[in-house]
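The data blocks that follow each hold one structure.
One chain, chain A, links the two complexes that follow: it is found with chain B in the first and with chain C in the second.
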Partner chain A sequence: MDAKDLKVVNKPAIKMDALGLACGEPAFTDDMDFTGLLYAKLLWSPHAHARIKKIDVSAALKVPGVKAVLTYKDLPRVPHTTAGQGYPEPSPYDTYTLDNKVRYVGDRVAAVAAETAEAAKEAVSRIKVDYEVLPAVLDTFEAMKDGAPVIHDEEDSKNIPDAKHNIAAKFDFEVRNGEWFKEADHVFEHSWTMPYLQHCAIEPHISIAYFDNTGRLVLRTSTQVPFHVRRIVAQALKIPVKNIRVIKPRIGGGFGSKQEVLEDIVAALALKTRRPVKLEYTRKETFISSRTRHPATCRMKAGVKKDGTITDAEMEITLNTGAYGSHALTVMMCSGSHTIPMYRVKNNIRFIGRSVYTNMPVAGAYRGYGATQGFFAWECLMDMMAAKIGMDPVEFRKMNYIKLGEGSPVFKAMGEGREGVEQVITSCGLFEAIKKGADEIKWAEKKAKYASQSGPIRRGVGVACMMQGSGIPEVDMASATMKMNEDGSFNLLVGAADLGTGSDTILAQIAAEVLGIKTDDIIVTSSDTDITPFDVGAYASSTTFISGGAVKKTAEKVRDMIIEVAAKILDQKKEDLRLEGGKVVAKDGSSCSLPEVANTSLYYYNQHQITASASHFAHTSPPPFQANFAEVEVDTETGKVKILDYVSCVDCGTAINPVLAEGQNDGAVLNGISHTLSEEMEFSSNGTPLNASFRRYKIFSAADTPPLRTFIIPTWEPAGPFGAKSVSEIGINGPLPAVANAIYNATGVWLFDAPFTPDRVLAAIKKQAPSPAAGSVKLLH
Partner chain B sequence: MSESKSNAGLSVFALKCAVNGERTEREICSSRSLIEFIRGDLGLKGTKEGCGEGECGACMVLVDGKAVNSCLMMAVQLHGKELVTIEGIKGKGGGLHPLQKSFMTEGAVQCGFCTPGLIVASEALLRRNPGATLEDIKLELTGNLCRCTGYEKVLSAVEKARGK
Partner chain C sequence: MPEIIVKPSNLKELWEMLPGLPASRRYLAGGTDIVTANNAGAESSVCWIDISGLPELAVIKETAGSLFIGSGVKISEIERSKAAARWCPALTAAIPHFASPSLRNMATLGGNAANSSPCADGVCALVAEGACALLALRGKKRRLPLKDLFLGPKRTALKKDEVILGFEIPKRPRAGAYLKLGPRAYFGISKAAVAVTAEISGGVVKRVCVALGSVAPVPLHAARTSAWLVNKKLSAETIAGASDLVKAEVSPITDARSGADYRREMCGVLLERALKSLAE
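Entry: the complex of A and B
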């Protein structure tokens, strides 16, 4: 089979929730009213590191309308992780619903539920806390030193590799094929840094906890991981899983931030009050007390021969995980496992990874998941090497990228939180992606044109290539159930969590393709732990590949059941029947309709419900590939960088829905561009966030957006449903290196610290003067 | 004066306005913000709150035809005025508005949380300037943040709806 045979898949079906959303129909967590609803507010720590000596809630309880005030004294002390990952989670168990210690400005201290939000706020302000302020450490390298304040000095936390040195996660590996850098003609070494970054989903974190008529706790919550929420809330509050139902309505963006289980506290307030309780973070709280991208220092050292062979590569990444180690190990490992295999390395490879606790906001999953941090370094280093050996950066990449049929020792050595799996590349459209991108940006023409420039305004072009994964092999699992209705429509029940990505729609397209029907004959119900089968959730670029695989298998089982019944109706052999255009058609041209099949099964022949379930997991994680090209203009007098054109060519296998796939990529790339030129959380010297608002933490608006063009480069991934691979994350990894490389092309100046704000660019230009062409590359040989 | 003190000592205001074409009279607490009035009192849930400080535009509504952030306005300021929320954005004949259609067909709706605000802001622009250029559209939508789409498909949706 290939893409030209497809009738529903690879076509731009309209997103099935788009009509309701465009008309403002109630759809999100907060769009439903609850009688007797209480409002929750949390007291957040004003200190980066402190022990609670005394906490007095008596005045808070006296505020009219207050129904509950919870402190650490009221809750079970259960070390757990808020990382919504498969069980057992590879993140350390270092978090408590409430604790007698606070570890960053914005950490939870106490929780209030009251009849009104105002009363809850008032009560929060009346909680008296006597803190013993402890020395704080805000810097990762300081935090690892002997004698640094120990952030997790509690005895009951689990799986922290070296709490004394604040190391939340560590992983090292080496492939050794001889003496390091022996064959290299040139060796380069540098460090690249990335700051605290916020997801900025426009819907803040919000959850409503209430009880159904049987007394079970229901969590209506904006989450990417409904099944992990159920499990982790049960664990943290010591209640049975069977007593919890999690419902994910439409959710207003996630990007990883909602792969985090923060629902325990609102659940605890509901359990205490036996009333429905709503907890909605303010925008400021979302910035400070939800999750962020892991700030990183990525040191890379690589060797290259004059002929363009990369001889050795070493990556040492140090991530700041903040006060808790959510995703600390896995993001760190992905910074190497998703990046190093991008290019062939002939001899030696080494990875040194640390995730370090500091008294700073908590990092977590964020689109790109470490690969963003790793590719910034690796792709800039590629251009440094190309420049030194006098090879065009595009040709240098074409020569070295991982080709069809090739593997990498990294795939096996590094998985997510454990050993990975061996795999070879089974689909790769990178050659075409590079070619298309170079054509669209007019690479050769502009390289030549910009080779000789004068005056303060300089232009340049840059390239970056990336890969990601498609789910976590042998970890992620998804399942689906389908049942047939009298009119030939089908219910599709999936655990997969559509967080605005359109997964409900593309999963319906996959089922419709198998059954030879239209997408709108599939009614999708997703993400309700009482109703839908299990799915790990929306993360690791897994939904299309893993959940899509489950839906395809399920639909195939349903198809076989339909054919069984139709064979009786038509008096034909099963192997002579196929589903097409809403009918079962025989080789001789006779046919019966799907409603006829459904009614026959329900009412006449061997009465039964046509229904099936299937699960899917994968042994490999086929990477999508991308080539990104940026054209920039740099004002060397002000340091201002303007992106004139941006082209992103993506190989995601078969795009199940090309319009939605383009939209995923556009959004990822613009988020990456916004990281590149604007975004950075700022902190005072005591760890207090200074710009926790959209006014002061600037994300790109429509007016800021450069011309941005996504091109889908079709390939066929044999392991994916109808040839599909993932698309959602990869695009965020390109802009930092592509723009950095373009700035170098324009000015001869390398930038190592994101974002490339005018002050940083200007400082780099001034540092470079007077010989801008030489570059700041540190030559070791 | 339509302001008085309620039994609880809260300042109460008798608000007269039009909501999505229908004249409405409500007694409201003077301290109520416009978005609280819309979502809480009117039960119109299409208007979203993303930041509560006028930066994201998810709460945009039309007041006398002008796009405003309803989180920054007090409900009392609606007195004597016409409010149109996303629920009141309709095409000719009461069907889908061209913007709603083009947002759907162009793929401009991803999570959809910012969509009502974007459609309201675009409607305000196209009413005022039916021939708005791409640059006009970009400028008008500066106050509407979207993290999902990268704006490309939003901009093409507004362009598609122009003149319809």
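Entry: the complex of A and C
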């Protein structure tokens, strides 16, 4: 099959929830009213590390309107992880709904439910806590030392590899083909760092817990993982899975932060009060007490021959997982598994990964998932090697990137939290992506032009290439159910979680393509654990590839059932029939409409509901590829970096919906640009966050957005639905290395620490050229 | 939120109203600072007096020697004013840096000045314009050079209940510039800002006023640097000299937005660029 044969897929169908959302129709978690609703507020720890010696809630309970105050004494003590991952989760079980110990400023201490938000707040302020303040450790390298404060000294946590040294996860791996760096003409070694970052989804974490008429607990919640929420809440509160229903309404963005299961506490308050309870994080709480990106120090050492052969590569990544090890192992492994295979390494490969506990906010899943941290190092190192051997960075990448039919020992050695799967590249448009990007940015012309510049304002161009995955092979599974209605429309029920990504629309397009109908003849329901079949949820760039595969299989089953009925109506052989334009058409030109088929099956002949379900998982995770090009202007007197142009060419296989795919990529790139130039959570010396608001933590707004252009480079992935791969995460990995490389091209100065704020850029320039009077910055190439 | 918000319809009504109001009271002009402070829990007055409707504060008018900009005029109205564009070159250059368009529709120079933040873009520019503040308290009026209004962060020379009526800017033909270094291209509080106005004749500086934002406890009038520049030819050497001098005149701090050393150095760079743009 080829993309040109497609009628619905690869076309810009209108996002099915767009009009309603634009008109403000009630859609989100908070858009529904509940009689007798209580408001939840949490008491957060003011200390980075402390034991609760005494906690007195009597004054809080006396506040008028207060219905419940919960402390660790009121809840079962169940070690679990908040990481909403497939079961059994590869993250350590080190978290308790409430505990007698607090491990960071912003950790949960107690929870209140009251008739009004004001009463809840008042009650929180009246909880008296007597803390035994413990020494805290905020730095990963300090935390690993002998004698450092032990953050998880409790007996009952599970799967912590080395609690004494605060190591939440570790993984080492080596491919050895001879002596290290023996063949290398040049060897490089540097470290790159990334700070604490927050997802900044516009809708904060919000959940409403209530009861249905049979007394079952219903969680209406802003989540990426409804089925994992059901399972983990059941586990944490020791209630049966069958007593919980999770409903995911429309979601105002997640980016990984809502792959965390934080619903246990609002569920506990509802169970205590038997009333509906709402918990909505403020922006400050979202910054401090939800989840963040794992800050990283990534040391890389690599060798290169004069001819451009990469001989050896070693990556040592140290992630700060904060107080709890949510996604500690998997993000760390993905920082190597998604990045090292990008380029062929002739002899030796080594990966050393550690995720380390500190008394800092909890890290978790965040778009890019380790690849962002790893590619910053790998792609900057690529440019250093190219510069040293005098090769154009574009040509150096073209020579070394993983080609069609090639594999990597890393694929097998490193999966997500366990061994991976062997795979070879079955689709790759990177060559075309690089070519398109170089043309659009005018690479050769600008390189030549910027080679001789004077004055304080310098310009430069940079390149960075990326890959990611499409779902987790042999872990992620999705399913779908379809049923036919008498007017020839269909209900499509999927567990897949549309968080604003447009997955409902593209899944409908896939089904419509199979059934020869229009996208708007499909009514999508996603997701409700009582109604829709299982899906691991929206993460790991899996929805199009895995859930899309399930929808395609389901639609094919439905198509066969339709043909079965139509064969009787038309008195034709099944193999002579096909679905087209809302009809079943025979080779001889006779046809019957889909409503006729539906009515026949429902009312006239061999009465039955045309309905089917199917599931899908994959043995491989075909990577999407991307070439990024940035043109920057660096003010060498102020250190200000301006992005003049950013071109991102992405091979996501067949874009099921090219407009939505471009939007996903534009968003990911802008998110990455904001990381590159602005975002950074700041902390005081005792671990208190200093800029937990949009006033101080600056994300790029529409007005700050530089010209950024996405080009989709079509390929056909044989393992994907209609040739599709993923597109949601890859774009965020590009800006840091592409801009760093462009700054080097402009000034001859390397930047190793994100974000590239004016202060930091100027300091780097001065370090290299002690007195940069106007025009005196020396270009080093 | 305060317990009471009152809104007098003119100055006379305001003065009549005052004795009956709780002692813990504050004026509300555009509300862009006071409401944010309230949301952050940093504002505890019992009473807000909404002066945004006072007609006496809402005018821009020209006299023979000066331009009067009422303290209650919205920043977006100043943005559209031809008189302001003609007589206030530094202020005109500063307005695009002033918060966001939506905030410019609410904010006023009076509020900007009374809030006395060292990083206020509008006020810093007005200091460079050599503006005077016109103040009134129960019919008693006084005139104060704007630079003397500020005593420290959030502290002004305003007496209790004293109202800023507006600002008088001398009508003299001159050039001006405003350069700001913020956290991102749009809508951010400055790390450092420089405002300059100068009357240059035959390449020689006749009058000049340099003001700086975010690098001292108050919107800073760089008196020494300004005085040093007078009667000098605006050559590369003079510009470099002024740039060195201004670095010694500022007293920046390290905070969440930037480091002190970086800020000090940027004052030099920004002043150099501002003066160069005037020399061209």
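Note that in this section the second predicted complex is superposed on the first by the 769 of 781 C-alpha atoms of A that agree within 3 Å, B and C clash if a C-alpha of one lies under 4 Å from a C-alpha of the other, contacts with A are read in each partner's own complex, and residues count from 1 in each chain.
Criterion: contacts are C-beta pairs under 8 Å (C-beta built on N, C-alpha and C of every residue); 3 or more make two chains touch, one makes a residue touch a chain.
Note that the structure is predicted; figures quoted are calculated from it, not measured.
Undergrad: So, A:Val175: does it touch chain B (first), chain C (second), both, or neither?
TA: A:Val175 contacts neither chain B nor chain C.
Undergrad: Using the superposition described at the top, determine whether chain B or chain C touches more residues of chain A.
TA: Ranking chain B and chain C by residues of chain A touched puts B first.
Undergrad: May I ask you to decide whether A:Val669 touches chain B, chain C, both, or neither, giving the answer as first, second, both or neither?
TA: In the superposition, A:Val669 touches chain B alone.
Undergrad: When the two structures are overlaid on chain A, which partner does A:Ser701 contact: first (chain B), second (chain C), both, or neither?
TA: both
Undergrad: Using the touch definition from the top, say if A:Thr638 reaches chain B (first), chain C (second), both or neither.
TA: In the superposed model, A:Thr638 contacts chain C only, not chain B.
Undergrad: Which partner does A:Gly502 contact after superposing on A: first (chain B), second (chain C), both, neither?
TA: A:Gly502: touches chain B, not chain C.
Undergrad: Where does A:Ala201 make contact in the superposed view: on chain B (first), on chain C (second), on both, or on neither?
TA: A:Ala201 sits against chain B, while chain C stays out of touch.
Undergrad: Of the residues on chain A, which ones does chain B touch that chain C also touches?
TA: On chain A, the overlap between the chain B and chain C contacts is residues 695, 701, 703.
Undergrad: Can you tell me which positions in chain A touch chain B when the two form their complex?
TA: 12, 14-15, 17-28, 30-31, 33, 199-204, 250-253, 255, 282-283, 499-502, 659-660, 662-664, 666-671, 693-695, 699, 701-703, 705, 708, 710
Undergrad: Any idea which chain C residues touch chain A in the complex?
TA: Contact set of chain C toward chain A: 36, 181, 183-188, 191, 256, 258-259, 262, 265-266, 269-270.
Undergrad: If we count contacts the way the header does, which residues on chain A are in touch with chain C in the complex?
TA: Answer in residue numbers: 637-640, 642, 677-678, 682, 690-691, 695-696, 698, 700-701, 703-704, 757-759, 762-763.
Undergrad: Sort out for me which residues of chain B touch chain A in the complex.
TA: So the residues of chain B touching chain A come out as 39, 43-48, 50-53, 55-56, 58, 85-87, 89, 96, 99-100, 103-107, 109-116, 119, 137-139, 141-155.
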